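My structure is below; once you've seen it, I'll send some questions.
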Amino acid sequence: MRRFRAGWLVSSLLVPLASVVAGFLVGALAIVAAGADPLQAYGALFAGAFTNRNAFAETLVSTVPYVLLGLGLALGFRAGLFNIGAEGQFYIGALTGVFVGYSIHGLPLFIEIPAALLAGMAGGFAWAAIAGFLKAWTGAHEVITSIMLNYVAFLVANYLIDGANGKPGVMVAPNVSTPRTPDVDLGAMLPIIVPGSRLHLGLLLALIAVPLVWFLIERTTVGFRLRAVGFNQGTARAAGISVAQTIVLTMGISGALAGAAGIVQVLGLSHHMTDTVAAGYGFDAIAIALLARSNPWGVLPAALLFGALHNGAGFMQLETQVSSDLISIVQASLIIFVAAPAIVRWLLRLREQPVETVQITQREVETPVG
Amino acid sequence: GGTTGGTSSSCSKTFKVGQVTDIGKLSDKSFNFDANVGLKAAQSDPSLCVKGAVIESTSEDDYAKNIQTFLDQKYDMIVTVGFKLGDATLKAAQDNPGVKFAIVDYTYKTYPSNLAGLVFSEDQPGFLAGALAGLLTKTNVIGEVAGLESVPPVVHYVQGFENGAKFTNPKVHPLHIYQPESGAKDFNDPDWGKQQALTFIGQGADIIFGVGGNTGNGGLIGANEQGKMCVGVDVDQYLFFPELRRCFITSAEKLVHNGVKTAITNLVKGTWVSGTVSYNLKNNGVALGPYHDFDSKISASSKAKIKDIMTKLKDGSLSTGVTA
Amino acid sequence: MRANDGVDLAVEWGQVHALLGENGAGKSTLMNVVYGLVSPDSGEIDFDGNPVKIGGPQDAIRLGIGMVHQHFMLIPPLTVAENIVLGREIASAGVVNLDRSYRTVNDLSARYGLEVDPRQRVQDLSVGVQQRVEILKALYRGARLLILDEPTAVLTPQEIEGLFEIVRTLTAAGNAVIFITHKLAEVMEIADQITVMRRGQVVGVTTPAESKPADLARMMVGRPVLLRVEKQPAKPGSEVLRVDDLVVHDDRRQLAVDHVGLAVRAGEILGIAGVEGNGQNELVEAIVGLRPARSGKVLLEGKDITRRPTRDRLRRGVGLIPADRQRQGIILELPIADNLILSDYDRPPYERWLVRQFNTIRSAAERLVETFDIRIRSVDDPAGSLSGGNQQKLVVARELGTAPKVLVASQPTRGVDVGSIEFIHRRLVTERDAGLAVLLVSSELDEILSLADRVAVLYRGRIVAVLDAAEAEREHIGLLMAGAAA
Amino acid sequence: MTAFLQQLDPVSLVSIMLITATPLVLAALGGMMCERSGVVNIALEGIMLTGAFIGYFVAFLTQNLWLGLLAAIVSGMLIATLHAVLSVSFLVDQIVSGTVINILAVGVTGVFYRTYLETATTAGPGTLPHWNLPLLSSIPVLGPILFQNQLVTYAMLVLIFVVHFVLFNTVWGLRTRACGENPRAAETAGINVYFVRYVNVIASGALAGLGGAYFSLQQIGTFLPNMTGGRGFIALAAMIFGKWTPGGAFLASLLFTGSDQLGSRLQSVFQVHVPLQFLGMLPYVLTIVVVAGAMGRAIAPAAVGRPYKKT
């Protein structure tokens, strides 16, 4: 029993801790190489993420979309689907959601907010379902299609908002000089939950989403279905599970979460949409889902970590004047050590657990769907 | 790297000036970069006592936050770049009347007294460069490799350039291409730009106008590689691209750095001007760059023509025909 | 030579050493240790009288040890020749010389009478032929000690005879063979020495002369085993499953099931005899809806289900024991409990309002584990931690547990030890007597003969004969399976 | 008609298609070596970006293009080695380690560009010379398309055949494919799966690194942040689309660059006034359509993406 306890302590506390430390250490090397003082840099990063005025609130603001995006991708991974398309689904979700948001008027917020949210999620669902449908019925590899759909989604949003050939887009706000949609109706804006900050109700939505997604995956028959398909399509099919249907459904739900991220950003922050609303979220989302080992609960700390890094980066640059890309180096070195506990075990010369394979994307490559 | 320090000891008060870029970041080789040049210029000018810093925005939700970061650090002035920051800048200016704001390439209908919108008549240098191109082209075909059509300054340059070329050479056949919107590659797809230049050259073009950050620069590289002439943009690119020197006939200059430095100077000297500040040929906010290596190859009469056009544009007796 | 688990095993040159043991006894693991795939925690291996260190298969191959794994170690998209020479390629300057490879393989297969086409892709081969390729692989590497892990499961009686011939020539030439099987008759016929394992330990060393099959069975399982199935003549009831003029294609769009018609009635077992790869899998998959029927009909209790989805067919009372447990039977990564209720995961009592009912699932699973004597630590362990035989028992337990109207059982006892075979067979017979209709597909002739009430022989996708099990006799069916005209 | 042809300018169209396909093909070939041995390589983008940066950085410091080219390849191999160590030795999910490398590449190149290159005013060593192959280059149509190129493009054309030969004719290729289809079987045949995977992953780094040199050393003559612009992912698509074969990947890349160039010409030369966004969509939509319709299922190497663990 004691040895079990010790093992548990090591694997669940010491190793992750050591991983983060190791990650920051490697990041420090890069900071030095970039000609800055790591202590000053990390100090500023921390202050900018947590201790400055409103910093923690801002960190949470950045965390919200990460949580929703991370959940979406994690869910896909569990079904063996590598949904690279989060960014595109983010765009479409924001687009459909904002359309409803500025089209409805004067209804109470407990109607308008859900309406806009659902519209956004529906948009994301539909967009992701395209890739799912193509995979299920033509075998088209979702990595290709979802990458391509990202570009298409951006261009759709861009066309509807920016317009083309000098003509304004159909969704552009009248009499504003910048290409953006009208503001959503007052009742559709997510209320601020920390006065004086930008932290909005989206945080609660994200926090609710985590247990919901966990429950969906681990406790419902739908979740069982998608895990079964993720592990072994042949057996799933023989057990009467429709693999094709499951793939479309899973891609859809995954996309709905990405879409939710998009519309929540709009309803909570800018209240209107531009064609760069999703810029920069796509790959962070993948990294977060992977860091979380595709586990919904894991998404929470992973998203918080990324939110803190994202948010602290500004102040770190103000203090050090090193390129904002520095944060990517820190992110990467953190992921390496967190995703590969084996390395840390090996560094710490811990022989208890053998190197275990950490298979996060349960992709079953060999059997195509039919 | 960075722009910390630089203030001389004689300063009674140090003015802290922060710049917030749009998601194009400083490496856009365009207005974010030029604005930063202006900020650095102000900083290294000992008479101004300026300490500058920049924050690059990585996603559009950062705009308001990054401005706020400077405000929390009690900065005296904040320079923002591009229409994408229009809303965030206005709101911050209204909430912080004690802090001065300047936004590049953007105007408002009404301004608070602490906000200035710096705009530039890109059509004028575009027209002049086009006029020169019209005179120098032997094939009567010229090409423009441009950035996003949704960014007004780009369109002003292109239209000015084409009108100028037609003005001096009615037979000229201008070809232009705007970079398709792509998000990640906006203003930053030099290889694409280069291939477009090659396409134009395949159509007989002998002068390429690169107008669109690194995408346009790709066009210049293509022209240089094929031994054709090229026209730079925004700054005197002859100085920034030593390896392309032999192709530059001139650059259509938009002196964002001057604009930014002037705005900062106004703050320091207590001569702050709010509202729309337009820079044009009259106040040297825009200019036609030097001919450099082509100086000898351009006939006196041509130079005279250009001078004449310039004066006409200044006194308004000639219009570029571009409606901003 | 010695290996761990406190196992001692001594193999003499020139002898066939049979290794028996119940499922999960550790036979494969022990052999994997000898072949360097699994590294022993303690103990040593002596070869030719001197201790050797076998760090990996390279070492084993160098020493002249060859192993034929039951789960084939072949690379489907590669050709027969490529598979055989892989690792010891015939090449000049790093470039594979295919012609010489082909010739070498041809010579080899001629020498041992193992017929293969070196140019064919392995994925296009029947399992029996794949077995030959595996053996050729070992021989090509000049194995002096040949390990065969349950090699006869997929061979026809004729092929088994052929294999035994090879084994005899090998041993006659002074080589040694370790022969793992669950079929006692084979042991009696081929073995010189016999080692019996149970729960990772050696429980007996003997020879065919010293002990009878029943004794071996008792040693393996630890209790007396009935090797023959006790059953009354069937009392067939109404027709449950009917297949009319069915045509099915395989993955390569080749005709696999060629206008097959058959009917199974309640309370009877219809056996489909045939060498694997003659359309059995396609037929089974078409019946349960995993593969479209090009033409023809599948009827369940008179209702046409040809176009119904699999889920629907299972709901209506079709049960399936697939031939390949690891590809269609279980999900190695999921807990044993989930695997035991797989086909009912989304119906009450295992589901309420889309929510899975774990207590019900666990208790149901534990019941099945109990009744079917599956050797596990906990129903929460992944199914992948079970030995092959126990994985098989898991599938059988699940399918019989759901009380179907018709059970399509494909190779139901593959890789299962005698004790479990006895058990599974008895279960099938009792269910039959309770009115279950069973379509038994098996390449084990003995199994067909001892279980089936009627026997249909499948050859090249056609049913070449249907005989009454009573007067069907072995050699005749064996010939039919091998394609001799009926 | 002739006017149309003159406007279409097919020779320059095809030659531009070929040139712009260069990094796609090289990265796709790299991904192929990698995935044929059972290791997913989603890091092609990051490796190319690194190659583009290091290649130019070294060329800039030494003022020697050839050293730069070498550095691009070597840096690609180094960063690929990180991928191998993580995913082969430490059994990290291959998608994770690939993503890490992509993020890392953006960071490292961005930061060091800012620190050491952005404000540099001295000229770089320019771009790789155009080599017009004697005689060949004067063949009418083919000459300008195939035989008036720069080194990286020539290398791409040659490597298509080399990689095909290696994968399908050599001992190494046979073992590579074996490890990608069934590593356990490969091991029982006495093959060192780890070694094979390491070498292939590193080889893919060399190829993608060379692809990076295309941008900074062959086309542009300087480094610019994110100048690879996501082409690593298009290359990934081209590889899958080409069913993990060099020839297929080559054609897939041409389809992509072709539709891209066509879109541009519609605007610039034919001055068709369809919304630019739709022109921009052309290559992506076309790829989706073809992948879904014409090609159907892409059967990846069976074991790709799965860390191999000895028992």
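Going by the order they are written in, the chains are A, B, C and D; count residues from 1 in each one.
As a working rule, a contact is a pair of C-beta atoms (placed from the backbone, for glycine too) under 8 Å apart; a residue touches a chain by one contact, two chains touch by 3 or more.
For clarity, every value in this text was computed on a predicted model and none was experimentally measured.
Asker: Across the interfaces B-D and C-D, which one involves more C-beta pairs in contact?
Answerer: B-D
Asker: Return the distance between the CA-based centres of chain B and chain D, expressed in whole Å.
Answerer: 34
Asker: Return the distance between the CA-based centres of chain B and chain C, expressed in whole Å.
Answerer: Each chain's C-alpha centroid was found; their separation is 75 Å.
Asker: Taking each chain's centre as its mean C-alpha position, how far apart are chain C and chain D in Å?
Answerer: Here the centre of chain D sits 45 Å away from the centre of chain C.
Asker: Just give me the whole-number Å value for how far the CA centre of chain A lies from that of chain B.
Answerer: 36
Asker: Which positions in chain D are in touch with at least two other chains?
Answerer: Where chain D meets two or more other chains at a single residue, that happens at 110, 113-115, 225, 276-277, 280, 302.
Asker: On chain C, where are the residues touching two or more other chains?
Answerer: Not one residue in chain C touches at least two other chains.
Asker: Got the chain B residues that touch at least 2 other chains?
Answerer: 1, 25-26, 149, 180-182, 184
Asker: Between which chains does touch occur?
Answerer: All chain pairs meeting the touch criterion are A-B, A-C, A-D, B-D, C-D.
Asker: Within their complex, state which residues of chain D touch chain A.
Answerer: 86, 90-93, 95-97, 99-104, 106-115, 225, 233-234, 236-237, 240-241, 273, 275-278, 280-281, 284-285, 287-288, 291-293, 295-307, 309
Asker: Of all residues in chain D, which touch chain B in the complex?
Answerer: 7, 9, 12-13, 16, 19-20, 110, 113-115, 118-119, 121-124, 126-127, 215, 219-222, 224-227, 229-230, 261, 263-265, 267-269, 276-277, 279-280
Asker: Considering the complex alone, what residue numbers of chain D touch chain C?
Answerer: The contact residues of chain D facing chain C are 169-172, 174-175, 177-178, 181-182, 184-192, 302, 310-311.
Asker: Show me the residue ranges of chain A that touch chain C in the complex, using the header's touch definition.
Answerer: Touching chain C from chain A are residues 219-222, 224-225, 227-228, 231-232, 234-242, 362.
Asker: What residues of chain A sit close enough to touch chain D in their complex?
Answerer: Where chain A meets chain D, its residues are 30, 33-35, 82, 84, 134, 138-141, 143-145, 147-149, 151-152, 155-156, 158-159, 163-165, 283, 286-287, 290, 322-333, 335-336, 339-340, 342-343, 346, 355-361, 363, 365-366, 368.
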